[in-house]
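Chain naming follows the written order as A, B, C, D, E, F, G and H, and within any one chain the residues start at number 1.
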C-alpha cells in the first residue's frame, strides 16, 4: 500500500479527473512518486466519475487504489458507491450536501465542506468546485507544498483564469483549516 | 506415379486449360480417378500457360504432374520450357510448327500434328485448336472412351458450337490414326 | 367523447437541458434543481413543442378522456 | 540543320493488337506473323497516330539528323 | 412514465439513455420513432441498424429488430438484411463519423445500388463518442481535439455526395425543425430506394464546447436561425448564405430498386421466391 | 529499341509489359509519361503510387519513384508521401476497382481534403486482374463473371462523384483521343489541388469478350465514335446520349491546397519548415 | 464406381465449396473477388438465384462479411469467401460475429503472403491468423479440407457447426485444393444431416443460456422477437453492459461453448499410426503430397503414420498427445515457415523429436521432398 | 530526486508515447481516433507542427497506416496508433510494411475485446494478434512497456529497431499504461542513441543485401534513386517476380533478418530469479500488479521471481528456457484468457508446472488475486 491513496468521485463534467491530475502533479513537483488514473466509459458522460492518485516516497507499483486513505466526493450517488471501501482512519472530504452515515463518520475523519455552493456563490464559477476540493484535500492530508499545488493548478487551467482558480484553491485549504468537527 | 500424367502447354488464350478439363472430365466419366490443375498468374495472360491432368484407376494422391507421360504443346516457347522433364517413353503431341530436338524425338513417341493450321483452315476457327489436341491426345493414349470424350467436349463448349467442336475432336483423333512416324 | 391533452413530466428522465423551457412559447416551465418543473400550467396551450424537442422524453402531452 | 522523322519498330514489344494498322490513315502497316510490319513506308505521313495508340511502344517516330 | 409514443417504440426499461444533457441525438431518435409511427409500420418488420458512436447507440433503445454493428459498417450489414428479407423496412441510424469517415465507402456504394434503405445520419459535426475530434463534416476552420489549431479539411456536403453517388432521395433536417425532420424521414422511408437524410444534431459537450458555441440552448437557437429552407436560401446572396444550413428535401427521383431487380433475376433463372 | 520518350520514362528492361494484346492500359501509361514530359518535371520529384490490379501494375514500369501498394489504398499512401514531401509531384495510377470499389472512401476523402494529388483511373469497367468481374463502373445490364445474368448495380459517374466530394479538377479521357487525354492529365498535374481524371481504358480479354464488344479494334472504334466532347454532347438528345461517353474537362476551380494550409499551421505555431 | 454420370461430378475445389454450401442450405453469399478464391463468388453468382438465394458483390471484403452477417441475422445461412489480403480485412467483423454470436462461414483460400505476396501460389500461411487474426480473446473453429470431396463434405460440417454453436467458422482452404478438379459425389440435401439454428429464445432472452448450456438460441429478425444485437459486451437481453460480472461470464461462456463441446467439433484422420516410428502431421493440400510419399513406401522402405487435423482449430490436442507418446519422431509438413509446428511443439512433450518441413516459394511441397526429409530424420535418429 | 521541475514531467502513458517518438525523430503521424489510444493522436496533433512535423487525421485506420507508410517511404519517421478494432483493420498493411520493408511504428493500446467489447477497459488480448494478425508468414517485432517511463524509453527503441531492420514494429501498450499518469524523465534527443535508416543502396539495388547481411538499405523517395516498392514478392530491384528461387530467398530473408539479430532485439527484465521456487511471467500493465504483490512478500511470505519479456515478439525463449530449468512452478499472469501462456507452455519442458492467472471482465488483475493464486500454486505443489 502506498502512503496516500486518493479517490475523487463525482459526476461527469465536474472536473473530478482534473482534480486528481492536479493533486498528482503537485506531489510530483515535490519529488514524490505518483500514479494517477481514472475510469473511462460512455457512462462517464453524464453519470458516475472516478479518478485516483497514489502518492509515495518510493516507487508506486500497483496502479489502482484499493483502499483509499482519502475519499473526495461531490455527489451522494458517487459517495454511496465508494463509501464502504476505505482504509482505516481515512480522510473524507465531501460536499456538505452529502449525507454521511454515522458509522462512517465515526470510523474516519470526515470533512463536510460547502464545496459546490461556495463554487457557485463565493468563487462565482460552478466549474471551480474541483479546484476547491483540491485545495481542501491537500490541506487535509498535508500532501504537497503550497507552491507546488499552486503551480500544478496554474498548469492545468485555461489561461486567464489563474486568479480565480488560485483563490478557489485557497478557499478549499482555508475550509479545512477552519473546520470544526 | 499415376498411370497417366498429362501436361498441356501453350500460350494464354489458346484454351489449354479447358483442354485438360475436358480430358479429365472424359476420364472421370469413364470411372477413372482424375485430378486436374493449372498454373495461374498474371503472366498467364499473354504468356506461358500450363495445365495438367492425372488419371489413374486408384485414387490420385499427389496433385501435381512431376514426370508427364504425355506432353501436349502448341508453342515452341512452352515446349522448350517443359521438354526436358518427361517420363520415359512419353507421348508427345505437338503442333507441327514446333521444332523437336532429335534426342527427344528418339527417346519418346512424338506426334507432330498440324493442329494450329487445321484449326484455322479445316475447322475454320482458331479457337478449336485445343479441341483438336484433346482428340489427338485421347487417341494417342487411348485414355477415355469416344462417347465420354464427346460428352465432355459438349459439356464445356458454348451452346451452338457442338458440331464444330465434335468434328475438331474427331479431326484430332484421325490425325493420330493416320500419323506416319 | 372529446379527448383532451394533459402535460406530463417524467422527472427521472429529465437531464435539465432547458430546451423545453427556452422554447415554450407560453412560459409554462422552469428548472428546479436541474429538473424540469411546471410553473404555470394555465398558460399551457398544449402546443407540444416541449415534447418535440425534449431529447430525454421527460415532458409530453398525453390524451386523457375528456 | 532540319531534323526529319523516321518510323521505327521494336518487334520484341509488338503483341499484334492491330491498332496501328487499323488507325493508320495511310495504310502503311500490316500484320505479319502476329507482328507489325511496314508494308509501304512511302505512304507514311509521319503523323504519329500509330505511336500514340500503340499500347506496347512497338512503333514510333524518331527524330533523325536530316 | 413515458409517453405513449416512447412506450411503444423505445425500450423504456433502458431509459434514461446515456446521451449528455442537451444532446440532439435524443430528439432525432424520437423523430425516427414518430416517422415510423406515422407510417404505421409493423414493428416486427422494422430493423434499425447502427454502427459505433454516440448516435449509433440509438439502436439499443429502439424497440424493433436492432443491430448495433461495427464502426462504419452499418450500411453493409443493412444491405445483407435487406437482401435476405426485402419485405423488411431497414433504417440505418449512424453518425457523421460512422457514415462519412470510416463508413464513407459503404455509403456511396449503397447509393449506387439504390437498395431500399433509409439512412439517418445524426450529424453533430464531431466524433462525440471518442471525445470531440473533428469529423468529415466539421466546417473548415473549426476546432476539435485533433484540430487544436483549426481544421484545414474541407467538409462534405453529405446530401450532395449521396446524390452524386446515386441515392434517389436526399434531404436535410435538424433538431429545431422537428415536424419537417419527421416528415423528411417519413418520405425517406417511403421512397422505395436508397434514401439519405442528413439530420443535423447538437453535441454541446464536445463540438459546442470546443467551438465556443455556448450551451445546448444557444446551439438550438443557432439551428432556429440558421437552418433555412431551400426557398428561403434561394433568395439569399452568397455572403448571406455563408453561415446558413439549407434544410428540406433536395432530391426525390425514384428509380428501379435493387432487391426488386434481383428478384427479376431469380424469376428469370427459375429460382423460387423467398427460399 | 524503344522510343526516346519510352527510354526516358519507362524501365525498358522490364518491357514488354504483362498487359494483354490490345489492353488500353499501355496507351494510358504512355499518356501519363507524355504529360510528365510535356511539363518537364524532374523525374526524381515525381512519385507514382498505385494499388493492385492490371492498371496498378503500371507503377513498376515507370522510371520515377514508384510505389505499388495494397488494393484500394493508393490514395492514402500518396497522401502520406505528399504530406511528408509537398514539393513532390504525386500521381496515383489506379483502376476502377482499385479506386472506386475497395478504394472509394480514400478517393472521396482525398477529394474532400483537396490535397495536391493527380489521380488517373485506368477505367476498363471491370476487374481485369481477377478475371473480369463487374466493377462499380460496369454499365447496368452488362455482364461480368459475377454478373452472369447482367449487372443490376448502378454505375458511378466518377468525375461527378469526385466533384461532389470536393475535387477541384475533374475530367475524362480515353484511349482513342490521345492528345486530349495527355492534355487532361497535364492540366490535372498542373492543378495545385486534388485532380481526378477518369481515363477510359480497353480490356478486350474480359470486359470485351464477356460483353461481345468484339476485339480490341472494335473497342477502339467504339471510343472513336462514342466518346464525344461536352460541346457535342450538349447538342444531343437524351436518347442520342444513351451510349455516349462525354470526355474533356468537367471542372477546374482551384482552391486552397491541403499541404499549403498545413504549412500555415506550422508557421503559426513556430515549427520549422521541412524538418 | 461404374460411370460417373449421376450424382458424381468433376468439380474444382472452389466449386465444390459452393455446391456443398448450397446443399446444406446456404442462400446468401456476399463477396469481393480475389485470387485464388474468386471461383467461389463466380459460381455463387450463377447458382444462388437458381435456388431463390441471393448473391451480392460488395465493394470490398469488410462490407462482404458485414452483408453476410446481416443476412444471417435475418435468418438466412450465409457465407463469404476470400484469400489472404481479404481475410486480413475481414478480421474485425469475425470478432463481431464471435461476440454477437452470429452464425457465418468464412472461407479463406490461402495464397502466398504476406501482403500481395505471390497471389496465385499455394500456401498455408493463414493458419495461425485463422485463430488469432482478430483482436481480443474469442472462440475459433477452423476446418481445413484435403480434397475436392472433403471440401464438399466439410463445408457442410462447417455450416452445421456454425449454426449449432452460433459462431463464425473459418473454412481454411488452400490454393492446391481450391483450384484442382476432382471427381466427387454430390450428396443431396435430403441425405444430409443438417443443423439449423434454434429460433426459440431461452427464457425469452436472446443471450440467455439454460443450465449446463453454453449456447443461447437465436431468433431471426422479423419473427417477432424485437431484440438487440451488439458487439459490445452485453447482458442476456443483448443490451450493452459495463457490469464486470456479466462481462466476465459472457467472455468466459464464449470460450467455453467451444471448449466444452470440443469433442463434437474436433475431427481428424489417422493413417497407419499404430505401428510407426515417425508421424507426419499435415493438413489441407499438403496432405496430398504426404499421401504421394506414402504411395511409394514400398519403394523407399519408409514407414510412417499420418495425423491430419481436419478440424484445425480447436486443434485435436489430446489425440496428438496420445499418439506422440509412442512415437519417436514427429515431422510437421506445412506450406509455411512453421505455424501448426508451434502447436505441435507445445503438445508434444519432448520437443527434440519434432521436425519440420515447410516452404514458401510458389511451388508445392512434393513427395520427393518429404521422402528426403524423412530419410534425414531417420538417419539423424540413429 | 529533489524536485521535478526540469526534464521531469507528469505524463499519461499515451502522452509519453508521443514525447518519446518525437525525441527519436517521429515527424509524421496519421491516425483515426479510438479509445483508449486517442490521446496519442490528440497530443500528436498539438506537438507535431510545433516541430515542423505533420499530423493528419485520416478517414479510417487502414488509410492511417497507409499514409504513415507513404510518409516513411518519403524519408520521414512515421507512426500510427490505434486500439483493438483499428488494429484488426491495419493488419493487411502491416504485412505490406513487412514485405516491402518499410520502417513504421504501429501503436496498439489494447482494450477489452473481441469486437467493440468493453472499449474503456484494460486488456492484453491482442498479444497473439500482434504476431499473427496479418496473413502469410512475416517477421514480427513487438514491444510492451510497463510504465509511463518505459513507454517513453521503449518507443524510442521501437523506432530504432524499425529503422535498423526496415520492418514494422508493434508497440503493444494496454489501457492501464496508456491512461495512467506518472512522473517521468524526458531524455532529450541529444542524449539518445538514434538509429536512422541507411539511405545508400547496396550494389545500387534497393533490395540487395551484402554478404552475411540480411537488411537492404533504403533510400527515400526524392533522393535520386527512382526505384520500385511493391507488396508482391520481388527481385533485388524491387520489381515483382514469380521466380521460385527469388521468392524463397526473399521470404526466408524476411524471417532471418529478425532471427539472426534477435539478441539485439530481445530485451527482458528479471527480478529475483536467482533463488525462487515460482517464476511469474508477465508484461505490460499487468507487471504492476505483480510488483504490487511482490511489495507484500514479507507480509505474505511468498517468494517468487519475475520474468518480464519487454520485447514480447520475438519472445525471449532462450532465457525463459534457461530459467525454467531450475524453477518448480511458472505462473503466467496476463490480462486475457491465455495467450503468452501458450508460448510459455511450448518453451517450458514440463507443462504440468505452468499455471495461469488471467481474466477479462473490465477490471485489472490485483495484487490480491496474484497472491491468492500463488498460494494456490504453492499448496498444490506440496
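Structural remarks
Here is the rule we go by: a contact is a pair of C-beta atoms (placed from the backbone, for glycine too) under 8 Å apart; a residue touches a chain by one contact, two chains touch by 3 or more.
It should be emphasised that the depicted structure is a prediction, and the values quoted were computed from it without experimental measurement.
The fewest steps needed to get from chain B to chain G, moving only between touching chains, is 1. Within the contact network of the assembly, the step distance from chain D to chain G comes to 2. The busiest chain interface, judged by C-beta pairs in contact, is G-H. Mean C-alpha position of chain D lies 27 Å from that of chain F.
Rounded to whole angstrom units, the spacing between the C-alpha centres of chain C and chain H is 56.
Chain contacts: chain H has residues 35, 49, 59-60, 62, 85, 92, 96, 115-116, 119, 230-232, 242 touching two or more partner chains. Among the residues of chain D, those in touch with two or more other chains are 15.
In chain A, the positions touching at least two other chains are 41-43, 46.
Those residues of chain H lying in contact with chain G across their complex are 62, 84-85, 87-89, 91-92, 95-96, 98-100, 110, 112-119, 121, 123, 125-126, 128-129, 131-138, 230-233, 242, 244-245, 247-248, 251-252, 255, 336-337, 339, 342-343, 345-346, 349-351, 359-363. Chain F makes touch with chain D in their complex at residues 1-6, 10, 15-17, 19-27, 30, 175-176, 178-179, 215-217, 220-221.
Here chain G touches chain F in the complex through residues 32-35, 38, 41-42, 45-46, 49, 55, 57, 59-61, 85, 115-116, going by the rule given at the top.
Partner chain G is touched in their complex by these residues of chain F: 52, 70-72, 101-102, 104, 127, 129-131, 133-134, 136, 145-149, 153. Only residues 1-5, 8, 10, 35-36, 119-120, 176, 179-183, 285, 288-289, 291-295, 364, 366-368 of chain G touch chain B when the two sit together in their complex.
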